[in-house]
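The data blocks that follow each hold one structure.
You will see chain A twice below: alongside chain B first, and alongside chain C after that.
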Partner chain A sequence: MSMEDYDFLFKIVLIGNAGVGKTCLVRRFTQGLFPPGQGATIGVDFMIKTVEINGEKVKLQIWDTAGQERFRSITQSYYRSANALILTYDITCEESFRCLPEWLREIEQYASNKVITVLVGNKIDLADKREVSQQRAAEFSQAQDMYYLETSAKESDNVEKLFLDLACRLISEARQNTLVNNVASPLPGEGKSISYLTCCNFN
Partner chain B sequence: QRVLHVDSKNYYGGNWASFSFSGLLSWIKEKQQKTEVSDECEDWRKLILENEEVISLDNSDKTIEHVEDFCFGNQDSAEDVEEAGALSKLPLFGSSGAQGAAQDPEKESAPVENTLPEPAASSDPASATGGNETEVTPEREGSPDPASGEPASDVGETEAPTENAAQEPKKITYAQIVREGRRFNIDLVSKLLYSRGLLIDLLIKSNVSRYAEFKNATRILAFREGKVEQVPCSRADVFNSKQLTMVEKRLLMKFLTFCLEYEQHPDEYQDYENRTFAEFLGTRKLTPSLQHFILHSIAMVSEADCSTLDGIQATKKFLQCLGRYGNTPFLFPLYGQGEIPQCFCRMCAVFGGIYCLRHSVQCLVVDKESGRCKAVLDHFGQRISAKYFVVEDSFLSESTCKNVCYRQISRAILITDQSILKTDSEQQVSILRMPPMDSGQPAVCIIELCSSTMTCMKDSYLVHLTCPSSKTAREDLEPVVQKLFSLNTESEEETENEEVEKPRVLWAVYFNMRDSSGIDRSSYDRLPSNVYVCSGPDSALGNDCAVRQAETIFQEMFPTEEFCPPPPNPEDTVYDEEEPASEDSGLNNAPEMKPEPSPEEGGSEEGATGEPEK
Partner chain C sequence: MAAAAAAGPRAAGGDGGGSSPASSSLSMERIESLTELADLEAAYGRLCAEEKAVQGELDALLEQQSTIESKMVAFQRMGPNLQLIEEDAQQLAGMITFTCNLAENVSSKVRQLDLAKNRLYQAIQRADDILDLKFCMDGVQTALRNEDYEQAAAHIHRYLSLDKSVIELSRQGKEGGIIDANLKLLQEAEQRLKTIVTEKFDTAMKQGDLPQVERFFKIFPLLGLHEEGLSKFSEYLCKQVASKAEENLLLVMGTDMSDRRAAVIFADTLTLLFEGIARVVETHQPIVETYYGPGRLYTLIKHLQVECDRQVEKVVDNFIKERDYHRQFQQVQNSMMRSSSTEKIEPRELDPILTEVTLMNARSELYLRFIKRRITSDFEVGDSMASEEVKQEHQKYLDKLLNNCLLSRTMQELIGYYITMEEYFMRETVNKAVAMDSYEKGQLTSSMVDDVFYIVKKCIGRALSSSSIDCLCAMINHSTTVLESNFREVLYNKLKQGFPATTFQDFQRGVTSAVSIMHSSLQQGKFDTKGIESTDEAKQSFLVTLNNVEVCSENIMTLKKTLESDCTKLLSQGFGGEQAQAKIESCLSDMAAVSNKFRDLLQEGLNELNSTAIKPQVKPWINLFLSVSHNIEEEEFSDYEANDPWVQQFIINLEQQMTEFKAGLSPVIYDTLTGLMTSLIAIELEKVLLKSTFSRLGGLQFDKELRSLIAYLTTVTTWTIRDKFARLSQMATILNLERVTEILDYWGPNSGPLTWRLTPAEVRQVLALRMDFRSEDIKRLRL
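After this line comes the complex of A and B, so read on.
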């Protein structure tokens, strides 16, 4: 996996209340389908999609919450070394929007300072049930310095755009970081992953 | 099978957890207060049927004692400083979560009530979140200096020279520690992973390793004749060593090579099988410094009572672990040991395990006739049924444990300003085993972590001291701390200071932790056979004990199943389109507690967060 054919690898992490459509967004993007009547997410650790942006291969590793958001019991390690966070709410569900500050607190505490955060209002196909206006969300995202987008995983609206724009931002950020290359401060992800290392012996 | 994991604490891992600085301060406060949780047995007694009896559990954690913390810097300047981006780990529920507030399911979402992001409000909505005093939300981005994450209004003018950090790198104030508190991930237990130990094998086999990253311990140290020195242990180290003579190098290599293949040379040691390893070393023509290195830093065994064979085996284990991932036998997880239990929990969750923190269990419900546990009652009085129950020792009540005799672990955690052995590179992860200062006392294991392990702030070191207790943690460990570190406050230090400059301790905490490992199951009073007890952390350096225990419990429950089998690769997973919709998706928004339907083959895991179990 480590030696594969790509120029960039980014870890993107999804958060937000249960049932806002996090898994649907990922599956729409990575597999091009919308799973009907899906229950709580089981068996999805992360999904991968490699995209090409301006001739460069970008591998996106998109992590799902494994259902731990349901009882607010997401492990801190989920946030470690994430390059970007997608904070998702359901535009037809006021409560999922109200919980955003709570999610922001988790981000503050556990994610890296440098993480890019995108606010996503999902389910715009259910416009007649909308409870959260675009304006409120836009203002909230501005106050929090987040990018903001509304999507429909079902109709595939803005889903590609969400991930591709994010990939572009991550690339330009990665470029800046290598230019600045602040050696003094250790970055997350500089440790080794044990399974990929080769072994040698005492002799 | 399905797994439900319930824990009254609001963090994962119990005594295996790690905390930010402010999180640790809250933890200390809680442990020092020792508030007795009132036993509110009245209501739920009604829920017990006639053919059932009850085994109460205890949610007031009594595993931590003698907590003493010290600040050696000027604390006043830090009074108004708060941690940037802090989320106190023990705010509402904690382990005293049984107090009223947690009784009401509504409360679960109550703190959100007043945080509705108003469209017009330009103020940061996150900081309006109620119920959390240590909360400060830094302006997200905007401020270019990451160290200045503090909102100006809260910090005011403290003298902490944040912008000038580059010019004065070594002077860390208490205010800075508090402000940078989020950079700390302070483990309650201090361990390392042997690179060929059971935990590494399990992490790799189960693929849980994908959730964590590791750093090598970079140095093995020894304390001899009042000095800290580095121990050469790999072949390359030995040859490159400047402290050893040619003769010593040859003797050391010869001895280490012998230990690696000792089984083939029984004649070399069998005359000493009834003697101690230290005595055996004395017969091998090794110089005193080499004997010291081998005994205390490589074999890491007791001078007084380790047998020859045990010492040789310990040496062999050390040598076999060398070179797998680097120049020492040890790995340390980035962000601290506290990540490990969470990684196992994540894997379990991916395959359907349900995790509830801040949710306590009042009691076990036992069927009188069969003598088996059939359910638990949680703090809402909900009954959760299952076939198997795993409970951590710390949740068992005094009456269950009345015949149990626990050992204790003495712990100290220090934040210091320099390494105990300064070299070119500041980024070192070191382990030092300090021989006992008086006979009869245990050796003290010291692990010094640098900031690139993501466990402490830049220019600081996090030092963990651990030993089996003979007295209180402070009595056991303070003599060692005084040997290695300076406890003077800044002003005093300028005047004194003739001898070698020791690292300065900026902040310290001592505490004793219960060691519930190795307790025989039969010592627990009348526990049903389908209730399994897992222990808290043991005092050993490695993690073999916990892994063995988890595997044993699993095998007892499911003798035919594989323990932590490799999961399918997420990149190859094909998703089944016809997943049965197990719940009303889409509208399940509020984090309310609903009674978990008791699955046919459900396993309920209670508070077993410390165990790398699934």
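After this line comes the complex of A and C, so read on.
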């Protein structure tokens, strides 16, 4: 364990169909860039950004996965250790929205049951090409009990908000869980690592 | 008088403030108003002094008169000289102006000369060019007649490199007509040569005549046909690659299954293909560099890659068909969905194919890295003067070639299937190892720990051998899951069954039955840890599981370290992108976190053991202390000395109890357990102590008992006992005091190096245990 200077460490994994703008969202947030003509991601990309929320240093490990089918088995291996999943679709692409239930099945199958999932409709700068209405997506996310947000990586709309809100929720979730954990059994040597994914405790 | 004299000047100063030093500091009015003799005298005195000073100044000024006069004379003498100088200066200025004009005149002539010279050069150049043009025209005709294509091409090259505007200008001249005709002929010759070279090249290619192919390949760039030359040449090379690959594939299909390399024959075929292409690049790179210049290798390889992709597709298609790759993957997927074990695919059957796929990928990565390096360094040479944009553009071309080629995509697909199958292989084999778990007498751990780590290492090792960082990370992630969820769960469930609680009597019986178990196990060689029937087996199982948990935690850290150094090796060879290191580190640190979870599990298991096995027995043994009176006189004290009433038996009991654990637990765990036990003893003993009463000799007796106990416990653990027994030792000290007030010799400022672990209230409480101490004395103590 490195003695890095942070109070919280969270793993965030971006998933969703190919070409919906996952890499652009991550680049926009971590580097403030919108690289045009971004090629398809190969396997998984990995970025780190440390943000400060209410005076606490939060290190976000962001895993940007490839949307293409042939990388599915690689990306699936990252679900389980994820604290949060950002499920992304393209508001100008009906198909990417229609695939969401399939993605949710994957989450169900591979992710921890404590994982926080956020639904993100990207590319709102292309409003005239919109194929998925906000209302439809909102209803869908409500039915699935997901936090929902529309973004534009290009115009930098809601990108910061997406990650910072998520970080806030992760912090409060982590606090609750460590609290519950501590009541159940004080684990010696747990230290600072936030391992609230522990499923079984010795009673 | 002195005071008046002192006051005088101050008053005078006030009056005549700002007056010059030449005029008197005393005004006439003031002198007239003076009436006192003393004042008058003082005024007089001062006036005298002033007069003296003025006299002095005047003398000094007068002295300077002669010097000033001599200087004036010198000035007057200089007058005529100054006039001379002025005339000289005017003359000089005139000369300078003249020279300046002259210089400007000369330099403008030089400029004109320079211009003329340049024009002359240009004229010569143009004349040369025109001559060249004529020479080229004649030369091309001759060369073409002689079929000397190199010479012809050289002439055309010369013509092509001529300044087009020069030619245009020449045509406007008097001899424009002739030049026009020449040019026309030259252009015709160029076209003819292009056709001839293309035709000749095609013929040579058809005949497989390498020298001729290379001959005409060298001519293309001279005619400005770089792209065409490279594409034609690549076509030739591709043909060669293709025929060789077909040959190899035919060989593969005919390979006997008993062949030594049969299991990796497709990987071998890919290797041959890649090596062939690499050799082609290696052989022809110099000729391309020499005749086409740097930065052209990309074009050549881009063409070659098309053929490579075509051949890879064939090999992989055959691989998929022959090895039933997709069906096996399908079966694995079905097996993962279904839990019934009957239809599950046997993991062992997957072993060879998994190895072959990783080998295939490793070969592909090696090949891709090779062409990446070659193209990058070729671009570097070509782009040494280029702008940043051009460099980035070229980098983009390269990335696109590497990422989008069919080879990459095909391998990514194969690896995608591979990961799912490898995960299945690992999970199922681990389950099998758990199911077949056995324990051999004399071993601390059972077979499944070694087996499970052997499997995990094998699977990650295989993923590593694919040279794909993403594949490796995925398998590290899956291993973490299997260890953390599946395997930890198994051990957790075993520990949850608990260590069977035994009373003191049970324990004694336990020792004898353990002996008989040992006998029977010696006869059988080993005994099963699954079906727990007797208490002894349950105990054994619990202790073995504790050892297993500890070894798991250790093994994970060892595995992490090994993988770290393996990955460093892989990365240093240039595999993986820029984030490869960070990705691996992150995945490995997740794995290391599982080690801590096993540590926690061990700790919980030990706590369980301590509270169910040790505490219920140790507590009654300590409670026996209460039945031994410590409110004793001389006679009993010496009787105790002869027949120890408590501590010796207690130590024997502890020793007996711990023997079982010492034999069954790893030294590290045993040590932790004795640590827990000593803490328990310290706490429990303190409790009974506070329930007892003491005489002076009783205190001494307790002190002796405590010392024996500490001495014993020191021999059985490496933990620091003294610290745990610090409170008890201090209590013994208090119980040994002669008088109540003697405590003050050790308390507060007198405590010296001793740090009291007892609060003042506790000190009073312990003092009160002494029957012979009066409570008023204790109350009166100031602590």
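A few points about this structure:
Criterion: the second predicted complex is superposed on the first by the 167 of 203 C-alpha atoms of A that agree within 3 Å, B and C clash if a C-alpha of one lies under 4 Å from a C-alpha of the other, contacts with A are read in each partner's own complex, and residues count from 1 in each chain.
Keep in mind that, in the parts below, a contact is a pair of C-beta atoms (placed from the backbone, for glycine too) under 8 Å apart; a residue touches a chain by one contact, two chains touch by 3 or more.
Computed from a prediction, not measured in an experiment: that's the story for all the values here.
Of the two partner chains, neither chain B nor chain C is touched by A:Ile62. Within the superposed three-chain model, A:Ser81 lies in touch with chain B and with chain C [touch as defined at top].
Between chain B and chain C, the partner in contact with more residues of chain A is B.
Look at A:Ser73: by the touch rule set out above, it reaches both chain B and chain C.
Using the contact criterion defined above for the overlaid structures, shared-chain residue A:Val120 touches neither chain B nor chain C, since it reaches no partner.
In the superposition on chain A, A:Gly43 contacts both chain B and chain C.
Once the two complexes are overlaid on chain A, the chain A residues touched by chain B in the first and by chain C in the second are 1, 39-40, 42-48, 70-73, 77-78, 80-81, 185, 188-190, 193, 195, 199-200, 202.
Touching chain C in their complex are the following residues of chain A: 1, 39-40, 42-48, 61, 69-74, 77-78, 80-81, 185, 187-190, 193, 195, 198-200, 202.
The touching residues of chain C, when paired with chain A in their complex, are 399-400, 403, 408-409, 412-413, 415-417, 419-420, 423, 468-471, 473-475, 477-478, 480-481, 485, 489, 492, 495-496, 579, 582-583, 586, 589-590, 592-593, 596-597, 599-601, 603-605, 607-608. Residues 12, 20, 85-87, 109, 111-112, 115-117, 119-126, 128-129, 135, 137-138, 140-142, 146, 149, 182, 200, 203-204, 207, 209-216, 234-235, 260, 319-320, 322-325, 331, 333-335, 339, 342-343, 345-347, 349-352, 354-359, 427, 451-452, 454, 458, 567, 570-571, 573, 575, 577, 579-583, 585-591, 593 of chain B touch chain A in their complex.
Those residues of chain A that touch chain B in the shared complex are 1, 17-21, 27, 31, 35, 37-40, 42-48, 66-68, 70-73, 75-78, 80-81, 90, 93, 95-102, 104-106, 108-109, 113, 133, 135-136, 139-140, 143-146, 184-186, 188-195, 197, 199-203.
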